[in-house]
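I've put the structures underneath this note.
Each of the two complexes below includes chain A, the first together with chain B, the second together with chain C.
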Partner chain A sequence: MKESSATRLPRRLRYFEATARNRVAAVMDAGTFREFLPPEQSQPSPHLAVLDIPGSFDDGVIVGAATLGDRPVLVIAQEGLFMGGAVGEIHGAKIVGLLQRAVREKPAAVIFMADSGGVRLHEANAGLIAISEIMRAVLDARAAGVPVIALVGGSCGAFGGMGIVVRLCSAVVMSEEGRLALSGPEVIETVAGVEEFDSKDRALVWRITGGKHRYLTGDCDELVDDDAAAFRRSAIELLNDWKEPSSSVAGLRAEQERLTSRCQRFDGLRDGLDVWRALGVTDPQQIPLMDRDSLVALKKELPA
Partner chain B sequence: MEILEFRFTSQPARQGVDAKLCGVVGSGNLEILIQPGDDARACLVAVKTSARGFGQIWEAVIAEFANRHAVGGTRIAINDMGATPAVVTLRLGQALCEYIGGVP
Partner chain C sequence: MAVGGHIVTGCAHTAIGTVALLGTVDGAAIGHDIALRLAGRVLDIVAHFPGRPIVFLVDTKGQALSRAEELLCLNGSLAHLARCVDLARRQGHVSLALVTGEAVSGGFLCFGLMADKTYALADTQVRVMDLKAMARVTKIPLERLIDLAAASPTFAPGVENYLRMGAIEAIWDAPSAALLEAALADQQAADSRVDERMARGAARKGRRLAATTAVIVASS
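So, the complex of A and B:
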C-alpha cells in the first residue's frame, strides 16, 4: 500500500538518542562538516590502555569546522555513550585546541554539543587539568569576541566540571530531556544520603536538573524540543543578531548580586515544584506535563 | 582487555576512498574503523575487546563476514565494549556499506 505524504510522520532525529556524529551531521549545514583529527589519524587514550580498558579512536569527542546557516563555525560534540562523555586528557586537549583555534580564526561561533558527566576519573589529574583548561579556553574565545553556544540534550547532560563549562558559555540551548547541574544525583546521594537526594526518583532528578527547570530559572536561554532540527534552528536564531558582550567589573558585580539574591530567594526549597511556585507559577504540578511551546508561553507571563 | 589480530583472504573489495567509522564504544556496542590496506586479497582485522576469552567467537564471526563479502584490501580496527556476535555482524556490514558507498 502506498503511503500518502499527508499521513507520513515527519522525519525527526531525536537529539537525545543520536550519536555525536549524527548530531553534528544533523545540526550543521548538510555535508559541510570537516573533522580535525579524524579517527584514522588519532589514537585512543593511553591512560585507559594502562587500565586495560578499550579506548575510542576519537577519545569520545569530535571537533571540526562547518557552516551553520551559512556562517562559518567551529564545532565540538561529545559522545555521551563512550564513558559517559567524560573528559580525559586527549578529549580535553582536542576541545582546548579547537577553542584556541577559534581565538585565531574568529569564526561566527563555536557550537559546543556537551554530553558529559564531567572529569574522566580514570585519568585523574590529567582530566581535572583538562577541564580547567577548557574553562579558560571558553573564556578566552568569548574575550576574543567569538560566542560559544552550548547545546545540552544528550543522555549524560552536563554535570561536574562540564556543568561549569556550559554555564561559562555565551548561551545555552536545552531540551526538556537535557540536564544541567554540578554534582550528579548519584554523587549527592552517595555523599549526603538518600534523605538529601533520591537519585532513583527520576521525576525529581528532572525537576531539579532538567531542561524545563533550567529554562524557568534562566540557566538556559532557549528551550527546544528533543529534535536535532530544533537545536539547529535555535542556534541559528541565537546567532542572527548576537553581539558577544565584553565583560566588565560592573557587569560581574551585577551578576554576582543576582545570583546572591537568587540563593536567598530559593533558600530551603527542596524541589523544582517549590521553586516554580516561588517564581509565580500558579499550578507547578502541571509543568512536567506541558509541551515546549506552552512552557515558553507560560514563562513569558511570569513576573520578572 | 584482550587484543586479537586476524588475517582472512577475501575477494578484493570495491575500493573505498576514505576511512569510515561506525558505532560507538559503549556498553554492548563497538566501533569499527575501516580503511584501505596493502594486500588486495586480504582483510586484516585488529580487535581490542573488554571481554576476555572470546577469541574463537571473534574469529568465527569475522571469518564468516570475510567469506560472505568481498573485503580484500581493507584494514579493520575494532574497539569493543562487550558487543554480542549479532551486533558485531551488523556493524561489520554497516562499516562495509559506508566504506564502499553502497550495499555490498
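So, the complex of A and C:
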C-alpha cells in the first residue's frame, strides 16, 4: 500500500555514504550552516596539480559555523570521497584555523565529522605536520573550555593520524559502520602478511576497528545508527549539561590506569570475539548481528 | 641514564638546572607498551618535578604494526601519550624533542612533534613513507617523484624538508650540551602556548599556504 506523503517519515540519510556537505546539512539545524573559505574563495592543492591529479576547491574538508539544537557550534566535515579524506597542506590548515577560531569565539562545541585515511601521501610531510598541528589545536580548544565532539561513521573511517586526533577529542560518537584505528588493515597486511591481518575479510576488519567493538571497549562514547539524524541527536544529547573537564595529572593517571590494565587483561587476544567474551558477553558471535539498541542494552548489563 | 626495552630515561645537570631526558632508541616501533611507559614517565615528571624541562629523544620507525595492537585501539594509547606531553606544557614544563635516528609517522606524532620545539641531528631520517613505497601506493612513477622531490619539500623524506616546512626548528651536526642548553633557554623565554610551526614554514618558504589559510579561516 502506498503511504500518503503527509504520513511518510523523513527519508533517512545514510551517514556512511553521504557527502560531507549533506552530512553537515542533516546534522546541523536546518539552513544555519555558514562556510568559511568556501570553494569559490579557495584554491585546489597545487601539490596535487604538479602531479596532474585533479584537485578540489575545498581540498576535501568543509569548515564553518552553524547551530546545533540552537547552540552555536563550529563544524569540520572531511570529505571521504575526495582523496579518501586525507590531510594535505590546505586541508589541514583549514582545520587548524577553525580550531583556533574556537579558542577565540568559544562556541558551545566544535563538531568534528572525521572521515579520513590520515596523511595524504602526495603531500606527506605537509600532512604529517598538519596533523600534529591539529592535535595541539584540538587540545587548545579543549583547554579553552570548548568541547570537541568527533563523529565517525564515514566510508573512510578515521585512520592514521586522524585516528589519534579523534581520540584526543572530548567525546567520540560512532556508528557500527564507522571504523577507528591507527594503521589501516591494508598497511598491516602489506608489511606483516595476510596471516596477520586479512584486509579483505570485512567482518574481521569490523571486529577489530568497527563501531560496535570500540563501543564495547569504551573507545567511543556513543553508538548510533547509520543515520545523520541519529548522529545529530547524539551530539545534542552529549552537549546537554556538558562541562569540559580541564586536563590534570589525576585525570590522565586514571586514563593511564585504564589503558594499562586493559592491555594486561586482554594480552595476547587478536580478535574482537575474544575481547567481547573476556568482557563477559556470553555469545560473542551474536554481536555483529545485533541492532544498535540491543547492543547498548547489552553493554549496560556487562560486569564492570 | 637508563636504557631498557627501547626506552631511555634519565636526567642531565645543565647550566639551566636539572633536565629530564626521556625517549626511544633503536628505531622503536611504538605499541601500547612503549606509549604507556613513556606517558607514565611524563606524568611522574609533572607530578614530582614541577617545571623541570623535558628533552624527548626520538628514534622510532613508527607505530607497531599488528592486529593485536589495533584491537586495543593503538591510536588511543598514542593519543594518551600526546595528551601527557601537552599536559606538561600547560603545567609549565618547557619541552624539546631531538630526533637522533628515525622519526616516522605515528611514532613521531605522539611525542616528538608534541614538544614545544623539535630539533634533529644531521643524517637522521624523518618521513611518512619512503619514495619507493609512495610510488607503489600512489601509482606515480618513482622517477617522477624523485624529480619533483628536488623542487618541493612537501612529500619526500628528509630532515631538511621538515626544517623548511617549519616542523624542525634547527638541524645540529652533532649532539651538543651547549646547543641543548641554548635551545632550552630560548624556549624558556618563548611563549610555549603558541604553535609557531606554520609561521616558520611560511618564513622559510617551505610551506607557503598553511599559515595564510589558517588565518583566513580563524578570522573571516
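The rule is short, and it goes like this: the second predicted complex is superposed on the first by the 294 of 304 C-alpha atoms of A that agree within 3 Å, B and C clash if a C-alpha of one lies under 4 Å from a C-alpha of the other, contacts with A are read in each partner's own complex, and residues count from 1 in each chain.
Simple rule for what comes next: contacts are C-beta pairs under 8 Å (C-beta built on N, C-alpha and C of every residue); 3 or more make two chains touch, one makes a residue touch a chain.
As the structure is a prediction and not an experimental result, all values here were calculated from the model.
In the superposed model, A:G55 makes contact with chain B only, not with chain C. Of the two partner chains, neither chain B nor chain C is touched by A:A229. In the superposition on chain A, contact of A:E40 is made with chain B only, not with chain C.
Touched residues of chain A, counted separately for chain B and chain C, are more numerous for C.
Applying the stated contact rule after C-alpha superposition, one finds that A:A26 touches neither chain B nor chain C.
In the superposition on chain A, A:A144 makes contact with neither chain B nor chain C.
Once the two complexes are overlaid on the shared chain, A:L81 sits against chain B while remaining clear of chain C. Shared-chain residue A:V296: touches no atom of chain B or chain C. Once both structures are placed on chain A, no chain A residue is touched by chain B and, in the other complex, by chain C.
By the touch rule above, chain B contacts chain A in their complex via residues 1, 19, 21, 24-26, 29, 31, 33, 35, 48-50, 77, 79-81.
Residues 36-37, 46-47, 50-51, 63, 89-90, 92-94, 96-98, 100-101, 104, 119, 121-133, 135-137, 139-140, 143, 160-161, 163-168, 180-183, 187-188, 191-192, 196-197, 208-209, 213-214, 217, 219, 247-249, 252-253, 255-256, 259-260, 262-263, 266, 268-272, 275 of chain A are the ones that touch chain C when the two sit in their complex. Residue ranges of chain A in contact with chain B, taken from their complex: 19, 21, 38-40, 44, 49, 52-58, 79, 81-83. Interface residues of chain C, counted against chain A in their complex, comprise 32-33, 36, 39-40, 43, 46-47, 63, 65-80, 82-84, 86-87, 90-91, 105-106, 108-110, 113-114, 127-129, 134, 137-138, 140, 144, 148, 152-156, 161-162, 165-167, 193, 195, 197-198, 201, 207, 209-211, 213-220.
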